[in-house]
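Note that subunit A is present in both complexes that follow, paired respectively with subunit B and with subunit C.
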Partner chain A sequence: MARTERRSIQEIKDVPDLRVATQAVLFQLADDDMVIGFRDQEWLGLAPHIEEDVAFGSIAQEEIGHAAHYYELLSQLDLGSRDDLASLRPAEERRNSVLLERPNGLGTYLESPHFDWAFTIMRHYFHDVWEMRCLGALTQSAAIELGLAADKILAEKRYHRAHQELWIKTMLDRGDEQSQERVKKALADTNEWAADLPDFGGQECLFEETRIVPGASTLSTSFWQEIDAFTGALGLPRPSGTVTRLNGRRGQHTPALQEALEVWSEVYRLEPGAQW
Partner chain B sequence: MLSAELMDILREVTDPEIPRVSIVDLGMVEGASVKGEHITVSLIPTFVGCPAQMLIQEKVQEHLLAAFPTHAISVRLSLEVPWSTDRITDTGRQALKQSGIAPPGADLNDVACPFCNRHDTLLQNLFASTSCRSLYYCRACQNPFEAFKPL
Partner chain C sequence: MAQTAAIGDRDAYFLERLDRGDRIEAEDWMPEDYRQQLVRLIAMHAVSEIMGALPEKEWVPRAPTLYRKLAITAKVQDEVGHGQLLIRVAEDLMRPWGKGREDIMADLFSGRLKYHNVFHMATPTWADAGIIGWLVDGAAVITQGMSLSCSYAPYARALGRIVEEEGFHIQHGESICMALAEGTPTQRTMLQDALTRWWPALLMFFGPPEKSQLSTHQLRNMRYRIRSKTNEELRQRFFTKYVRRIWSLGLTIPDATLAQDGVTKVWTYQQPDWDEFRQIVMNHGPRSRARLDLRATTYQEGTWVRRMIAHHSPA
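== the complex of A and B ==
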């Protein structure tokens, strides 16, 4: 297909196909980052050691900051304010992967948080790899602002992925048998829920035809190749196949998302639009 | 004339998380111009997720308004040019060091301790108290310190 000329969001607004595709990919990216950022910040005060507490807080802040940027681009498509998009949309309108809404472990932030660090890191690693695959494709997007965001955020995401890779290696190499078992279980648990992560909810063709996400239909394969190369090199067996469950890219979610939404939007709902 | 004055005012604005370093020396000012009664400043964020960028935008607005009360002022944040660490000026690098933050090296292993200048340093965590810094430990003088991430 011939290379389409690049267009700004202002121009895309009035071209139905381009608009639908731009909106769809942005909602996936924004909702993914928002919900993983929420799960990350639930670790504040609970991370394995004090330096990591600070570090993981910074990662949470970056995820939410990236989500804010994607929501900002959506608001330029006249879909509502950035903050409303982040806080007021009901669960069935969310397009995040179900994997990312899974709780960090047993208990809640306020009551007996028996969170699972190995799962948190492994799940985050899967998210980082997928977002980087998407952003890599978006650097060639027909939408100018998506290309600019991709160039910038990709450079920052490399540090996220490196942080998780280092933790996974550390838990394997320096940990005892229990630590290694936990990493294996974390991989199995993450894998079990990962079916809808490298997925565009059936919109791959539209993404490719409009060149909003060039090569969209190849990203899932390259995602799994990267995961398997990394885990394979560490001698971590990834269970074959994922379990097909709900697909968040089609608005299907577990009750965990609704519970999370109630917490993160509680204050905002008191008075939407208030200046803090 | 006015343009020089404009840059002087922008040089007074600092990142709230690194109070000694001006946004000009951090390389955050991509463009600043005066046309008639209109002042336009274009800022680029160091890190997209950095919550300080909105505060910086407001500070720039306030400073310019105080200096040019009769002008129309527009301060925008954009990603038109991706910010990178080589935009930090020599003055900026010196000021970072004086704040106890190692200026960015060529890569994560190329970091000199801001206290004793030696390279015998160990990366402790890629992330630290802000998005833009990593945590290190100096084996020579045994101080922990933060370093600006190369980007």
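== the complex of A and C ==
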């Protein structure tokens, strides 16, 4: 197919390789934003600073809002309603990175929450950088709706990344030795689980060939370059290598995802098909 | 005459300003008693917004659909935002005492500063989140609407913004309740149960009826033009505004005596247990301890975060 040719979701529906690629990248983006948005929601009312309750309220809305948009595009591929896609798919069908399903800390948002602020910020920073890398590529996507979504969502993501960068700098520059240790630990913990974040579950070639995600195979490298440039400039070396564990992009997950799913779909599952 | 009153009698001049309808600004001179009454009211309002986020927050991650998830996140975020706005108004008033936000939070956790009775109650189902949005916020707008004419200008300005947002919250809550009322038998039962559970707390929201006697606080606040209506007047307004709407959803209010007099328009109703009310606001309500512990734990664990930015924030 010609490099410049762009198609709508309605057209893509009937072209098998385009359809597979579009579906795959949308599930990754949607599931990532849904689970991180859920983690953000858990903080609401419990943040260390009232201003941050407000900030996390905004970030949570935007993440879930983006997920809703991606699920909506998936529903246009006749995969079911966006709410069914968000709430009824079992864990093994989810394509979010394992890093993003990690709990915010010990306890739950309802009982004895001992949440880790430094980890929350660092993990979110990794997510923001990765999603921005993907969206940057998607602005040139052969799928018209993906390009439009990328333009719009990128504009919001910049503020998320700036928020996390500011906090990471603040913890290093304004904090005492203890807070610097917290940031280092947060980076180590995030890094340990980040292997599947900049990953397309082996579909890079298809993404590139179809031009659904142009340059897909280069994104992982540019992701790590951005992370290392930022942390390096702060004198915060990233531990070498990530530990390869489960790959969420291939449907492998920790029990934390199942627990989160049970919470976020609890009401919806009460009366399937009802209006809420 | 302003000039004669001002000489040697600042208090009298201050009261005269209030009677003229003047609004007081943070930098203006004010009697210590006025400042105390305001701090008492506004700090309580601020922590009620902050603690008030928690009952609904229990349902934020569990909201059924993407649309509801977005709406209730925005709604609870607004409540925390109101807390933020109000705590700043209170901080300005407390500055001459060398006190601030950390003191307000410490007083909340120690139990010295009370928060509103409704936020001590349990929210066992999604319908509770709907009832809070619709009727608790509905009750709040009635009280806060009165305070829009408060003599302290910064509070009145903050309330102007808050009341506007609460208007959306009421629609949000009503929309949840209507969906349940028009839904399946399970959904309808969930809604009716929530209303039955919340009714006494909604009546308590306005405080005990005055009968013929106003409390000293109320009298002072009326003299200072901080408030202009009694608890009972506000509760009567709530009935007039909401009872028929609740009935129109096919719901039963758990009070067979509830009726409006055709001539006087006054509602008769069964009094809630006011001893229970006192117990609740003394932090002996069903969820008082648990919610305070939740907020206190995370607040204390976040001390290191606030410390980093403390020397950074504007004086």
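Operating definition for what follows: the second predicted complex is superposed on the first by the 271 of 276 C-alpha atoms of A that agree within 3 Å, B and C clash if a C-alpha of one lies under 4 Å from a C-alpha of the other, contacts with A are read in each partner's own complex, and residues count from 1 in each chain.
FYI, a residue touches a chain if its C-beta (ideal position, glycine included) is under 8 Å from a C-beta of that chain, and two chains touch if they have at least 3 such contacts.
What you see is a predicted model; the values in this text were computed from it and never measured.
S.K.: So, on subunit A, is it clash or fit between subunit B and subunit C?
M.R.: They fit: once the shared chain is superposed, the two partners occupy separate space.
S.K.: Using the touch definition from the top, say if A:I36 reaches subunit B (first), subunit C (second), both or neither.
M.R.: Touch partners of A:I36: none, neither subunit B nor subunit C.
S.K.: With the two structures laid over each other on chain A, which partner does A:A24 touch: subunit B (first), subunit C (second), both, or neither?
M.R.: neither
S.K.: In the superposed arrangement, does subunit B or subunit C reach more residues of subunit A?
M.R.: C
S.K.: Answer with first, second, both or neither: which of subunit B and subunit C does A:L257 touch in the superposed model?
M.R.: neither
S.K.: Check whether A:L148 is in contact with subunit B, with subunit C, with both or with neither, and answer first, second, both or neither.
M.R.: A:L148 sits against subunit B, while subunit C stays out of touch.
S.K.: Considering only touches as defined above, state whether A:H66 meets subunit B (first), subunit C (second), both or neither.
M.R.: first
S.K.: With both complexes overlaid on chain A, does A:A137 touch subunit B (first), subunit C (second), both or neither?
M.R.: neither
S.K.: Draw lines from the C-alpha centre of subunit A to the C-alpha centres of subunit B and subunit C: what angle do they form, to the nearest 10°?
M.R.: If I round to tens, I get 50 degrees.
S.K.: Once the shared chain is lined up, is A:A195 touching subunit B (first), subunit C (second), both, or neither of them?
M.R.: Touch partners of A:A195: none, neither subunit B nor subunit C.
S.K.: When the two structures are overlaid on chain A, which partner does A:Y159 contact: first (subunit B), second (subunit C), both, or neither?
M.R.: After superposition on chain A, A:Y159 lies in contact with subunit B alone.
S.K.: Between subunit B and subunit C, what is the tightest CA to CA spacing in Å in the combined model?
M.R.: After superposing on chain A, subunit B and subunit C come no closer than 5 Å at C-alpha.
S.K.: Considering only the contact definition stated at the top, list the common interface residues of subunit A for subunit B and subunit C.
M.R.: Common to the two interfaces on subunit A: residues 51-52, 54, 58, 61, 64-65, 68.
S.K.: Would you mind writing out the residues of subunit C in touch with subunit A in their complex?
M.R.: Counting only subunit C, the residues touching subunit A are 50, 53-54, 57-70, 73-74, 76-77, 80-81, 83-84, 87, 126, 176, 179, 182-184, 186-187, 294-295, 297-299, 301-306, 308-309, 311-312.
S.K.: Under the stated contact criterion, what part of subunit A meets subunit B in this complex?
M.R.: Within the complex, subunit A touches subunit B at residues 51-52, 54-56, 58-59, 61-66, 68-69, 145, 148-149, 151-153, 155-156, 159, 162-163, 166.
S.K.: List the residues on subunit A that touch subunit C in their complex, please.
M.R.: Spelled out, the residues of subunit A in touch with subunit C are 38, 41-42, 44-54, 57-58, 60-61, 64-65, 67-68, 71, 82-83, 86-87, 109-115, 117, 170-171, 174-176, 178-179, 182, 263-264, 266-268, 270-271, 274-276.
S.K.: Give every residue of subunit B touching subunit A within the complex, in rising order.
M.R.: These residues of subunit B touch subunit A: 47-51, 79-80, 82-84, 124-131, 135, 149, 151.
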